[in-house]
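Okay, so chain A shows up in both of these, paired with chain B first and chain C after.
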Partner chain A sequence: MSAQDRVDMAKPEVTTRDHGAGVGRSLLWLQNAGLPIALVVLVLFFSIRSDLFLTVQNLRNVGLQAAALAAVSCGQTIVILTSGLDLSVGATVALVSVVSALAINHFGMAAGILCGIMTGAVIGVINGILITWFRVFPFIATLAMMSVLSGLALSISGGTPITGLPPEFTSLAYTRVGGVPLPLIVSVTVLVLVFLFLHYLRLGRHMYAVGGNRQAAILSGLNVSAITVTAYAMCSLCAAVGAIILSARVGSGQPSLGGSLPLESVAAVVLGGVSLFGGRGSIFQVAVGVAFVSILSNGLNLLNVSSYTQMMIVGGTLIVAVTFDQRFVARS
Partner chain B sequence: MISAHPTNDQVRGPPSGLSAVGISKRFGGVKALTEVDLSIRPGEVHGLVGENGAGKSTLIRILSGGLKPDEGSVQLDGISRSYSSPADSRKDGVVTIFQELAIVPELTVAENIVLGAEPSFDRFGLTLSRHRANLIAESVLRRLRGDAIDPRRRAGTLSVAERQLVEIGRAIALDAQFFIMDEPTASLSPRESNALLDVVRKLRSEGKAILFVSHHLDEVLEISDRVTVLRGGRAVTTLPAKAATSEQLIELMIGRPMETLYPPRLPCSGPPVLRVRNLSRPPSFEDISFDLHRGEILGFAGLVGAGRTEIMRAIFGLEPPHRGTIELDGKTVAFRSPRQAVRAGLAFVSEDRKGDGLVAQLSGRENLVLTAAAEGGSGTVVRRASIRVLSEKIRQQLHIRGSLDLPVAGLSGGNQQKVVIGKWLLGHPRIMIFDEPTRGIDVGAKAEVYRTIQKASQDGASILLVSSELSELIHVAHRILVISGGRITAEMSSDDFDEKEILKAAFAAHLSSAATEAELRA
Partner chain C sequence: MIMTKFCQTAAVLTIALFAGAGHTIAAEKLGASLPLTQGPFFTAQIYGMTEEAKKLGYDLVVLDAGGYGKVDKQVSDVENLLAQKVKAVLLNPADPTSFVGVLNDAKSNHVPVVGAGMPFAGTDGSVSPSHCEIGKALAEGAKALLPNGGQLAALVGPAAGFWANERWRCFKEQIANTKIQIVAEQASEPDAAVGLSIATDILQRFPTVQVLYGADDTVGVGAARAVQANSLCGKVKVLTAVLGDTTEELMKAGCMDYVVALQVVEVGRRSVDMADKLIKGGKLEAKDVVIPVVPVTPKNLSSIDLSTIRPPAH
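Up next is the complex of A and B:
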């Protein structure tokens, strides 16, 4: 009577659940509070080590530097929430920078910026189509696109910066509203828009559904492909905003912009507690992640740490963050 | 074969409900289903039982649109339907609740229930009205008597039973008429199972049709109006549940009397080989002491989660014990890794053969020689000729069917298990640990696994056998230790095996819950 015995014997009384939830809760707490605490420690450390760190001028600098990364990380967050990844954000920034610089020189500022943004949207849709229709892994699809877009940016620009941009464009980067750099205001706006999108629009909730349980999303009749394509389109749109900010700062269309953005954006997003496995994370935590990465690099600059060493430190930080993510997934 | 269409259907005109009509399905050369008829009618719970591999999951997938039949059709109220996906069949009100629950952990309970059909503030359905989603979820959950679940809670924090309720709630929110439930009670506690059965009864009283697929035959008989038995891809019979017993169902499922399953027990009287004293790793287990003799099969009975697997893992060096000693041939050993244990002559056939036992992409042969101790696998260079000779020997010994040259993922569960066992046998282990060796494999393969275990013990290996199937232990083991709450609560030898006593000892640490359980059933 094997089957019957199994009925009698296979009766687990779940006794370990409370214990497990306790571990999960403390880990969750660490996830949520760990980064802000680390940020505070970082700020304290740099304030003590450098007199220049806690000055209005420097904090404005940090804000300016963080602006582009923040915009790009917003997009990266959306993609990672759907359990995807976009490695092409850096190359997207380069191409958008070149395209918008050329367009600004030909059609004027507003039309030029619009051209750049549209370019971003097209790139995102291509990424999304590669991943959904052609079923290329996000990692491979966006890695390949990174090369394609970089090459495109270099050949359009002939490998040199596109200069001669009107001063009203370049001054955008240094405009302040109430003492706050305009680029930072733009990025914070993007952040708030992404927050509203993720929390109050059905499509935003569907991003969580696709990343959290793809099967559930399919069974509930969601158009998973369309949702995925939208996610990549939004990611590249955000990258395009970052490209405009960076181009204004450097005052030209640069085919070499954004090389470190894939790593930095993924680092900021994962530091912000967004799971690389998808479906879990909040955009405001990512903002803290962006602040962490930006302040880290600013502070290291002030301490005269070489950019080579900085690269190692950012890489190490990402590894630590991912280790936490893995632990968390393993426990829950 | 009894027809699934009683005559009164024809009196009423077109048959109402969801039916499978003459469905056949092949996978490559294997016929998974042959001319299966089955119907589920409004207001009915229809049980579906069968051994693993009998075709239950194939039938479910066809009914829910996940697979297309080669022959025959799925009909709704007598009209042939062709579903392209489970999402497609949902539009007709056919909802399948799979074992792997389709819950999005980061969304709230309410958001999960309205997923894909969220209420909105605007005309275009862009925004999400959390307030209205919560109201919908509340009313649905109240209907299911799941009021205790807060619609605002994150679904990831729910227990399995609660998640199941949420998924049933989603189906109700979609106004589903046909519920296909695949092993709904498999991972529920007794109380949760009873609550779920109440929900199923509620659905039935509201005129829904339910296909209830389960291994738990008592439950199937308790809840169902009719039961269909599948065997080897055919619907052997459909019978009223009232008239059936679980013994009858089992014999229909395996197609022969049950006695032939187990080999006769052979005597054993060797010196002790393994001596375990006061082994502890709280809270999993504490003060575990026993001797294992040469050629002995020592069974470990107990409830799932009693700590049996953890004890085995401790002995095998996977999770070292906090206290206690293990002596092998009189010498104290403390394995820090499975590698050390394997070197000392231990083998571990894990309960999770896909996760721990096999590399799915490698061929059967390569898996066989994967263990460090296997002769063909030692050294750096893979010697294909000797692998072939060895694996042929094992194939004959264990009656492995199917190609050993293809990835093992393609073999049936039973044959995969034989590959795992064969892999260890190649190293001539002296102590073999079997953790739920027959879980999820068909009866024929079970019989062969028992025979193999017995053969190994006759060849001088000592066996630790963890099993949740009591009859398996009673027929195969020389001695049984009962573990409850991480402690040994009973020991008996083959002369005085007693099912009731074993069960009582297995519940020893849960006496209070066992008592409430008895109350619930009464």
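Up next is the complex of A and C:
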């Protein structure tokens, strides 16, 4: 084989590598920019189809309605980054709602809210221990926990809402600061805190490491169990914040609150480009995912699309996002 | 390559989405917020509302919260209806205590709210048999089935379901001074299959039970099916509320003994009428209109006027 032949044979390899790198870059671009573009298209679509969509009142509604989902999705993001999953977020919201309402009625608003937040943290630690020490799959552990927490919420409340909350608590949900609903400000604060945690604290970076390659994380000397327990505790803490927001909105402690949050939070996180395999994703992309889910629901309501059709659209959107993650991004 | 295909697909979809798009011409809208839009109760209520709204020239927007557990979603639904500038809201709440904030919003927007299915604080009027009244009517049914007292087991409906709790609370109050003994009470999802399983277990555990209470016709149908499967029709009586097609069939088969039929179509119609009056500033004859329930037994089943109870068969 002459030198010229060897050069000719090498050419296609270089081209394939270039092509592969190009596809990788395109997919990366698509992963980062795809959802924001889809969100802009969605907003344009609803703005054109309904003259009510871009009104201040409606946008305020969207913000208010997205607040609890945003808080819960922040926590779900942390858990999914470690390649876990928390299906108990909805039941956590219900239990925290009941516990906070009872505590508020007995000990006052500040103590009641603190009690609710602490309940959330304890639930998360239990989830984490089940998954790390007892090696129960996250899906099963949190699914079972969902049942336990729902039963506990119903048992504590006697199956009825806890009413009689002070008006200052209820008014939290309807208070506006500079025209922005207070629950939205709370959720954005949670979002920023989670961003700072994931990007600037060592523990936050370790969450990515554990989700990206668990074995490598163990070999690097990371305490994977402690990191996992922390992730679940933070997830339940975020769910507790969502519970306080929702309880204030409905003005009572509801033992059946948050039933749709497991699906919606996973949808927002996956739409936001966080990989279900763990180790990859950004909290700000998740914020776009939350906005997408909330605007989709609001816009479909404004267009008077039947709720049955809405369920199909939300489920279909999730399937498309997961398919994209599984087929293209994970492979690249 | 993938990128190019994606962009092409996205472009085609975008064009398809925007094609034919235009501003919706705002018609006079009525908004209805319901915990569910399925099952004999809600389909009948929506039918009544839709027919009357059409007659009066309104466009009816119906939002489904997705279940009794989704109180927060129903609060959001009412907010969305207000954002749609509806002229009035017809609200059948999953839990009436949860709407204080949003009812204040409606008031400040001068949008009247009608309690469509139950009276509750903060509304401008209501059309119902309240759930408490239904519970009391069910108690009268239990007394009729057990005139000398006896054992009763109950499928009380969903845990934390306001309507189920109210019916059961008032039922128990009404039979407090009788010889009827409640031997079992179980909460369950409003699902006939779940009702069937629970009722079967109850019949095994309490073979001497004489009446099964089903809070509505989902668990009521489950209870009747359990009685039927154990060949106990006529021996163990079944008592429930809402007269759906299946309930009627089971009564004809002798496995359903007493139904508190709700005139749900009439509730739907009259709540639209009330909303119309409130919109036009007319005076209401009564703020809280009570539509009477109809006790149905195998004896009077054939003579019942179904036009106010459920939509015509397809």
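What we mean here is this: the second predicted complex is superposed on the first by the 314 of 332 C-alpha atoms of A that agree within 3 Å, B and C clash if a C-alpha of one lies under 4 Å from a C-alpha of the other, contacts with A are read in each partner's own complex, and residues count from 1 in each chain.
Definition applied: a contact is a pair of C-beta atoms (placed from the backbone, for glycine too) under 8 Å apart; a residue touches a chain by one contact, two chains touch by 3 or more.
Bear in mind the structure is a predicted one, so any value in this text is a computation, not a measurement.
Undergrad: Output check: A:279 vs chain B and chain C. Expected answer is one of first, second, both, neither. What do you get?
TA: Touch status of A:279: first partner only.
Undergrad: Between chain B and chain C, whom does A:209 touch in the aligned arrangement: first, second, both, or neither?
TA: Once the two structures are laid over each other on A, A:209 reaches chain B alone.
Undergrad: With the two structures laid over each other on chain A, which partner does A:257 touch: chain B (first), chain C (second), both, or neither?
TA: Once the two structures are laid over each other on A, A:257 reaches chain C alone.
Undergrad: First (chain B), second (chain C), both or neither: which does A:50 touch?
TA: Touch status of A:50: second partner only.
Undergrad: Could you look at A:218 and tell me whether it touches chain B, chain C, both or neither (first, second, both, neither)?
TA: First partner only.
Undergrad: More residues of chain A in touch with chain C or with chain B?
TA: Of chain B and chain C, C contacts more residues of chain A.
Undergrad: Under the stated touch criterion, which partner chain does A:177 make contact with: chain B (first), chain C (second), both, or neither?
TA: neither
Undergrad: Would you pull the chain A residues touching chain B in the complex into a rising list?
TA: 1-17, 19, 200-205, 208-209, 212-213, 215-222, 279-280, 332
Undergrad: Chain A touches which residues of chain C in the complex?
TA: Touch list, chain C to chain A: 1-3, 6, 10, 14, 17-18, 21-24, 26, 37, 61, 63-64, 66-73, 75-77, 79-80, 82-85, 95, 97-98, 100-101, 104-105, 159-160, 162, 165, 187.
Undergrad: Can you list the chain B residues touching chain A in their complex?
TA: So the residues of chain B in touch with chain A come to 85-87, 90-91, 100, 102-107, 111-112, 115-118, 120, 125-128, 156, 159, 170, 187, 189-190, 215-219, 246-247, 250, 253, 258, 261, 283, 301-305, 446, 468-472, 485, 499, 503, 506, 510, 513, 517.
Undergrad: In the complex, go through chain A and note every residue touching chain C.
TA: 23, 26-27, 29-30, 37, 41, 44-45, 48-52, 55, 57-58, 61, 64-65, 68, 154, 157, 159-161, 163, 170-171, 173-174, 246, 249-252, 254-260, 298, 301-304, 306-308, 311, 328
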